[in-house]
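I have a structure I would like to understand better, so I am pasting it below and will then ask my questions one at a time.
Note that the chains take the letters A, B, C and D in the order they are written out, and that residue 1 is the start of every chain.
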Amino acid sequence: MNIVVKLFAGARDIVGKNEVALEFESPITIGELRTRLIDQHPALQPLLPYAMFAIETTYCDDATPIPKNATVACIPPVSGG
Amino acid sequence: MNIVVKLFAGARDIVGKNEVALEFESPITIGELRTRLIDQHPALQPLLPYAMFAIETTYCDDATPIPKNATVACIPPVSGG
Amino acid sequence: MIQLTHQTIDSAAFVRQAQSPDAGAVVLFLGSTRRMTNGRETRTLFYDSYEEMAEKELTNLEAEARRRWALTECFIIHRLGEVPLGEASVAIVVASPHRRDAFDAGQWLIDTLKQSVPIWKQEHWADGTTDWVHPMPLSNHTTKSDN
Amino acid sequence: MIQLTHQTIDSAAFVRQAQSPDAGAVVLFLGSTRRMTNGRETRTLFYDSYEEMAEKELTNLEAEARRRWALTECFIIHRLGEVPLGEASVAIVVASPHRRDAFDAGQWLIDTLKQSVPIWKQEHWADGTTDWVHPMPLSNHTTKSDN
């Protein structure tokens, strides 16, 4: 299973890409994705514990399973306004 | 002693004048002026207990003595805004 | 700056003047003539004032707001005479480095203006009658202004 | 109505649209680029966004504000890209029959927007460095946005 994660702001700058693709053998949750992102990009460690995630532009918690072909976004702490 | 009292809004309409002149034998307070205005214009009775008074454009309480030649104004409850 | 005027209030001009690199926040409040009040229809409003005293009280309000909050700008404008439906009788513009001050000052200014500044509103009802609005606590003569 | 835009925000146009005989009160909030933050000087700001999601979240905010308060109008406009010193990054305009609703809705909208809408501010400091602003509670990486 291939998951593409959109990156924004500080997370995008740290990784140097607008999105990253990760490969999994079986379906995972948002929480597992969070851990795996930190494993693959250790520079995300300071930011990612505070990031939220969205599936199809809806915020979801760490327990949420990620559907196949879903659009997943990593939302670091926001600062609009 | 002659005191001229400016009237506004509902008080002016009730009396039918922009100001009224009252004659006193000796100096009086704002409280005494309030009573005397009601005596001379009984139609002011519903409004005057709630009115404030100002001497030289400064609010003052019933105990304040009225100086000679002062500009006195009767300020019925305000409704700006 | 405070102002009494018989003209339409150009609130956009005051907002533009309040914007600056020191002001992270600008809050504008407009109070306007509303058609319906407690089920009664207003045709138009007139505002009267004890002008010398109203200007002094508004000046005091601005000074007190600047003492209480960190404001970079403070405008209080009140229109007098006729104020037709949908038009503004009062505009308050406050600017501050942080937004909480601008919101708090704006609310305090309009709340206090309505209690202390010698300006009076005359309702011209759609049924042809008129009333001076004199909010009187503990009285059934109360006509509470509440825009 | 909500809008993301790369242009200057014409707040006066939204205030004009919000004025009506049903609205006794109109409140405008402008959040602007401030020169000084905790003693540091900003040269300019850039805003980035996850646009599809930000539009959805702003739409939700408008709907929730209209549920909570009696609003006759509600505009939330956020500018993206560069927002120079003194210019507005966000404009919120709410109108209501009575002023308390407009003030409360305006404050709730900007407070909630700053917590939930996927928009990010990049500081371009006068010293030439840049920082994405990611407010992190319990962390010394915190760069709190507070206009």
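Note that in this section a residue touches a chain if its C-beta (ideal position, glycine included) is under 8 Å from a C-beta of that chain, and two chains touch if they have at least 3 such contacts.
Everything numeric in this text was worked out from a predicted model, so none of it was measured.
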Centroid distance [mean C-alpha coordinates] between chain C and chain B, Å: 26
Whole-Å separation of chain centres (CA-atom averages), chain B against chain D: 49
Residues within chain D bordering two or more other chains: 31, 110, 147
Residues of chain B engaged with two or more neighbouring chains: none
Topology of the chain contact graph, where touching chains are joined (line, ring, star, complete, other): line
Pairs of chains satisfying the touch condition: A-D, B-C, C-D
Chain C residues touching chain D - in the complex, by the definition given at the top: 11-12, 15, 19-36, 85-88, 97-99, 102-103, 106-107, 110, 146-147
Residues of chain B that touch chain C when the two form their complex: 6, 8-10, 13, 46-47, 50, 54, 57, 59, 73, 75-81
Chain A-touching residues of chain D, taken from the complex the two chains share: 31, 47-50, 52-54, 56, 78, 89-90, 110, 113-122, 132-137, 139, 141, 143, 145, 147
